[in-house]
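In the two complexes below, subunit A is the common chain; its partner is subunit B in one and subunit C in the other.
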Partner chain A sequence: MGRYIIRRLLQSIPVLLGATLLIFAIVFALPGDPIAALAGEKRADPNIVAILREQYHLNDPLLLQYWYYISGVIFRADFGVTFADVPVSQIMAGKFQVTLNLAITALVIEALIGVGLGLWAALKRGKAIDTMILASTLLLISVPTLVSGFVLQFLLGVRLKLWTGLDIFPIAGITEGFRSYLLPGFVLAGVSIAYLTRLTRTSLAETLRADYIRTATAKGLPRRRVVARHGLRNALIPLVTFLGADLGNLMGGAVITERIFNLPGIGNQLFMSVYLREQPVVVGIVTILVLIYILANLAVDVMYAVLDPRIRYE
Partner chain B sequence: MLPVEGGLGNEPLLAVDNLHVEFHTRAGIVRAVNGVSYTVDPGETLAVLGESGSGKSVTAQAIMGILDMPPASIPKGEIRFKGTDMLKLSEEARTQVRGQRIAMIFQDALSALNPVFTVGWQISEMFRVHRGMSKGDAMKKAVELMDRVRIPAARQRVNDYPHQFSGGMRQRIMIAMSIALDPEVLIADEPTTALDVTVQAQIMELLAELQRESQMGLILITHDLGVVADVADKIAVMYAGRIVENAPVHDIYRAPAHPYTKGLLESIPRVDQKGQDLYAIKGLPPNLLELPSGCSFNPRCPYRQGNCETDVPPLHQISGTRGSACHYWREVLDGDR
Partner chain C sequence: MRVTKGAQIVAGTALLALAVAACGGGASEGGTAASGGAETPVRMELGEPQELLVPSNTTESEGSEVLAAVFEPLVTYDENKNAIEAAAESITSDDQKVWTIKLKSGYTWHNGEPLVAQNYVDAWNYAANQENAQSAGYFFGRVDGFADLNPGEGKAVSAKGMKGLEVVDDTTFKVTLAAPFSQFKTMLGYTAFYPLPKAAFGADGKVTQQFGEQPIGQGLFKLDKPYKKGTDQSIDMTVYDKYPGKKPSNWTKLQFKLYTDSDVAFNDLMADNLDIHDSLGPAAIAQAKSSLGERYQDQPDAGVGYIGVPLKYNAELDKVDVRKAISMAIDRKTIAETVFSGTRSPADDFINPAIAGYRQGACKACTYNPAEAKKLYEAAGGPKTLEIGYNADGPHKEWIEAVANNLRANLGIDAVAKPFEKFASILDELDAKKYKGLFRMGWAIDYPSAENYLSPIFSTGAIATGSNYGGYSNKKFDDLIAQGDQAPSVEEGLKFYQQADDILNEELPYIPVYFYRNNSGYSKMVKNVHINLLNQVEWADVEKV
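Entry: the complex of A and B
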């Protein structure tokens, strides 16, 4: 197992390099001159522009620019500086914590509601409650985050307080600690909740048709034990994969949610940086997102081996 | 205590009496079992023989109470275990019988064992759940059982998972699990079908030996005539959800009294007929949604006469221990065609 993990980590190096190069190239290809943009509406002094271009290696070919950047990251853990001479690591610091808090809140909400509803539906298959759960997942899938975010922010963040005086969900920001993340977490998890509900329902329903469930029944075990021990333990395996892979999705997908609820996370920062053409910040954030993605997937594979004894890694 | 007590008297250990099982499907009602009756006594082996879809497994699952109802339903019949009709018991009472008094082993042990638990865990679960034993004690009992079904190095292998065993060893684990609580009736549903021939013989030997030791009643469900001959005391041949012939094992092999049984026996390959065409019963198994009128076997039967298409043959009592559901059982017995 240890050797497997090391091999997987080594394999992730080319993935990281490829992903950063790709992002680097895309940002490179963006129209407009970042140095000219620095000067705003005024025309910048051509001499200053020339000096700045030289200073930031902007006249070098793409691959050489990439080399300057990536060698700094690898050898000096230096993500570079913005054109305003602020270190990128300083911009990112603290913002990842906010997004991680948001993503983990969303993941927990997703796991609780998704698995819970899915199990309920699977056990009541064909009944009215099953149909209701399925219909509501369809609704969740169909409504984009942009809509659900603003609607819930208005209803629960603004109206709830006005109508009932209950101050549960802050409208925006992270000043209320844990409570600040509840509503954005739910909005971010929305679509995933729907998928997980359906996946759980299918997985458990399929498991309960397996031969070993018939065996467990024939052993004279109470129905509760048959479902909870023999069924659930097997149905859980695909769900863990989904949840693990979804952590990466949630962090990457936080851009819209963070904008709506004005959370100072990397999603918000990414949006601003793309807008301002802060190339080093964009590449830095994406690199770390890719890294989180890779680690989450590795964790899923390791969990797989723990949950399913038939899987062994050499 | 357990819900079923009391002496046997004249009542057999297990009696299936005029059992009917239907499945309600979108295409219509599938009549899988249409009035099956058989009995098993302690220490006796009943072989239930029949092709796929003949209702032999469904009958067994009805005895265990593990049919999914719905879609299945049991409109008629009794399943008496020591005189108590199991179909009238509460689900709770049946759970007490299931696995403890009447146990079952299945065809494909790989899919019938739970892949994510060790074999020791799965065997010892019987003692933990039904006998309230501690984990350690139950595990010791599991090792003893694995020894008893002759799994080599049981102590080392008790913590292995099902996929780490060979097919024959897996079936031994199924057997160990089923006999854990000394059941009085053991139902083996095609226990050797998924195994190769040498292993089949070992498993049958093991079952016969365990039965001798404990005087269980054994119901052996199979479509393999070869398996039956050595171990069974009596045979019930099923076709389209009915028993078409029942008899002590030797009588059937000597002279079958139903055209279907006769066809089955003649379709066994024999060394002295090498090079000749193998006999096959012509036609296809009946569609259970639309059973032929009269005798279900009539479209495939070489003895068919006029009334076969209109009258359902009752199970004619040929002797004290034999029955044949054929209007013309005398002709079949005499062997003219």
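Entry: the complex of A and C
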């Protein structure tokens, strides 16, 4: 197992280098001069533009610029500075914390509600409650985050407080600590909850039809034990894959949610940095997102072996 | 018990999430939920400042708003739009060329040092020096010796400072301009002209990063802690005890809350999590009017929106009647009220109503008159097809398309709106002769003088160095501007500027379409919220309810 993990990590190095070069080249290819853009719609002073372009190596060819960047990252752990001279590492540290909090809150909400509802629906298959759960997941899938975000923000954030005086869900920013993440976490998890519910239901329903379940039931095991130990455990494999891959999605896909709820996370930052063409920030954020994807996938693969002893990696 | 492993993992993740979330919340506590009976701050909406908080490198509204709370400008502006002395005792000149600025006594920096004339000279020399690449450096272009600090691309600066700046004593300094400028005093209220304390400069003579995070000012508020750009969601400050001017009567703490979206900030205002919001978006206006009532404010803002005309690039548009016809075919009222939900007002002069010198209805051809427009356009032989370029990175699509619709319907021509990536791409394509259509243009002032709507956009000199993108050039106009600059007082200068403005209203080098308005709202927790000419809140007036 140890050798397997090390091999996978080594394999990720070329992936990371390739991804950073690709992103670097894409940002490089965007039209317009980022320094001139700092002056807004006025024509920037050509002297100042020239000096700043020199300072940020913007006149050098792509590969040389990339070398300046990547050598800084590798040899000095220096992710560069923004056009406002703030170190990118400082920006990323704060922003990743926020997005990680948000993604994990969403993941927990998603796992609890999604698996819970799916389990319920699978056990009551064909009954009214099953249909209701399926119908409501359809609703969740069809409402885009943009809509659910604004609606929930208005109803639970503004209206609820004005009507009842209860200040439960802060609607903007992270100044209220853990509570700040509940509403955006739910909104972000929305679509995934629906998928996870359906996945759990199908997976569990299928497992419950397996021969070994019949055997277990015939052995006289109580229903709870049959479902929990023989059914759910085997049904978990696709769910873990989904949750693992979803952590990456949640972190990368939080742009809209973060904007709606004014969370200073990487989604928000990525949006602004692409707009301002701040290469070091964009590349830094994307690199770490790629890393998270790789690690999440590795964790999922390792988890398989834990859940299903038949799977061996050597 | 193997079964429970899966459950353990889930439970473990949940715990981890709670722990992480709790840590994150604690670390970035912004102090909204005041603990232990501390004063709840007055909470103000803000977008993220573009740069660190250094006056000479701040030319955008958000950073300026923060700095205005921390620094006291030399002049502020009264209700009649005139500059009145603030940190200055007097600002005088006999010839409009050599200006003597005397400072009031009593001002100290937040680190205790007294404010002296040298602080101004240091700050201004620093701002103007091209080696420091300060975005507000161009504000000093009129000072004698500016050229010495800006020898041009790739050349080293040899001069120590501008020869036009001279310290007379601790409270007096002299500014010599390269040419007389009657409006110099009105410029001095701007962010670029703030002084800097000795502590701002590092050993290498540059303003330090530390100062940019926690600027030391001589104004009403002192920052509580450094502002970590990109991480912090609020900028907190407290009234400075030794500030000699007027202080707020019943509160001492101010908090700027950072938002990335003005509609989200409006929701926060509705939920009483925010006290003052000074940039309501069109989407929020209707609700703001009905829910806030008197707490909603709507006042002129100094910006102007135009349709730019590339005179030097397109001979067909270089006919006054063609431009007049286009202007008369635009239904400005509908655009202002419908497309912009009332956050704009129809333009009828080149000078904005927020500034002294505006004359209602000065632009005769700005009145909507489709029938006359069509006649004039056909008689003048205007082009059959017209493109109107706009930059798609701003909120311009709707109104440019509305203008194109107007031109199609009223002039019977084929007019289309054409998106560009950025505003600069329009200018590049004009220069490269790849594009020769009309273009969207906007102007926000650098200083509240009528001159600022004229010279930087329409003078011959501004073709090379300013914002005269259309290439308009008129000798008489240039002469009137020069006469205004040399006039013995602000008021007498204005007369000449208005004559120059008359020429523009007659020739329409650009077609003014709308004036901006400032739409703001505040919560039940505060009252007496006044927003000044520079879109900054007059903090000393604000009272808590």
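Simple rule for what comes next: the second predicted complex is superposed on the first by the 305 of 314 C-alpha atoms of A that agree within 3 Å, B and C clash if a C-alpha of one lies under 4 Å from a C-alpha of the other, contacts with A are read in each partner's own complex, and residues count from 1 in each chain.
To be clear about the criterion, a contact is a pair of C-beta atoms (placed from the backbone, for glycine too) under 8 Å apart; a residue touches a chain by one contact, two chains touch by 3 or more.
Note that this is a predicted model, so its numbers are computed, not measured.
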item: Fit-or-clash call for subunit B and subunit C when the two complexes are aligned on subunit A; value: fit
item: Touched partner set for A:Ser12, first subunit B, second subunit C, both or neither; value: neither
item: Which of subunit B and subunit C A:Leu307 touches, first, second, both or neither; value: both
item: Subunit B, subunit C and vertex subunit A (Cα centres) - angle in steps of 10°; value: 160
item: First (subunit B), second (subunit C), both or neither touched by A:Thr20; value: neither
item: Contacts of A:Thr200 with subunit B and subunit C, given as first, second, both or neither; value: neither
item: Contacts of A:Ala216 with subunit B and subunit C, given as first, second, both or neither; value: first
item: Contacts of A:Ile48 with subunit B and subunit C, given as first, second, both or neither; value: second
item: Winner by number of subunit A residues touched, once subunit B and subunit C are compared; value: C
item: First (subunit B), second (subunit C), both or neither touched by A:Thr145; value: neither
item: First, second, both or neither for A:Arg233, with subunit B first and subunit C second; value: both
item: Superposed arrangement (fit on chain A Cα atoms) - minimum subunit B/subunit C Cα distance in Å; value: 8
item: Footprint overlap on subunit A, comparing subunit B with subunit C; value: 233, 307
item: Sites on subunit C touched by subunit A in the complex; value: 3, 5-6, 9-10, 13-14, 16-18, 20-22, 24-33, 48, 50-52, 59-60, 130-131, 133-135, 137-138, 150, 152-154, 209, 212, 228-231, 233-234, 257-261, 264-265, 267-268, 270-273, 391, 393, 421-425, 427, 442, 466-467, 469
item: Partner subunit A, residues of subunit B touching it in the complex; value: 64, 66, 95-100, 103-104, 106, 108, 111-117, 125-126, 129-130, 161, 163, 174, 177
item: In the complex with subunit B, residue positions of subunit A that touch it; value: 210-212, 214-222, 225, 230, 233-234, 307-310
item: Touching residues (chain side subunit A, partner subunit C) in the complex; value: 31-33, 36-48, 50-52, 55, 82, 84-86, 90-91, 93-95, 97-98, 100-101, 104-105, 107-108, 111-112, 115, 153-154, 157-158, 161-162, 170-181, 228-229, 232-233, 236, 259-262, 264, 268-269, 272, 275, 303, 306-307
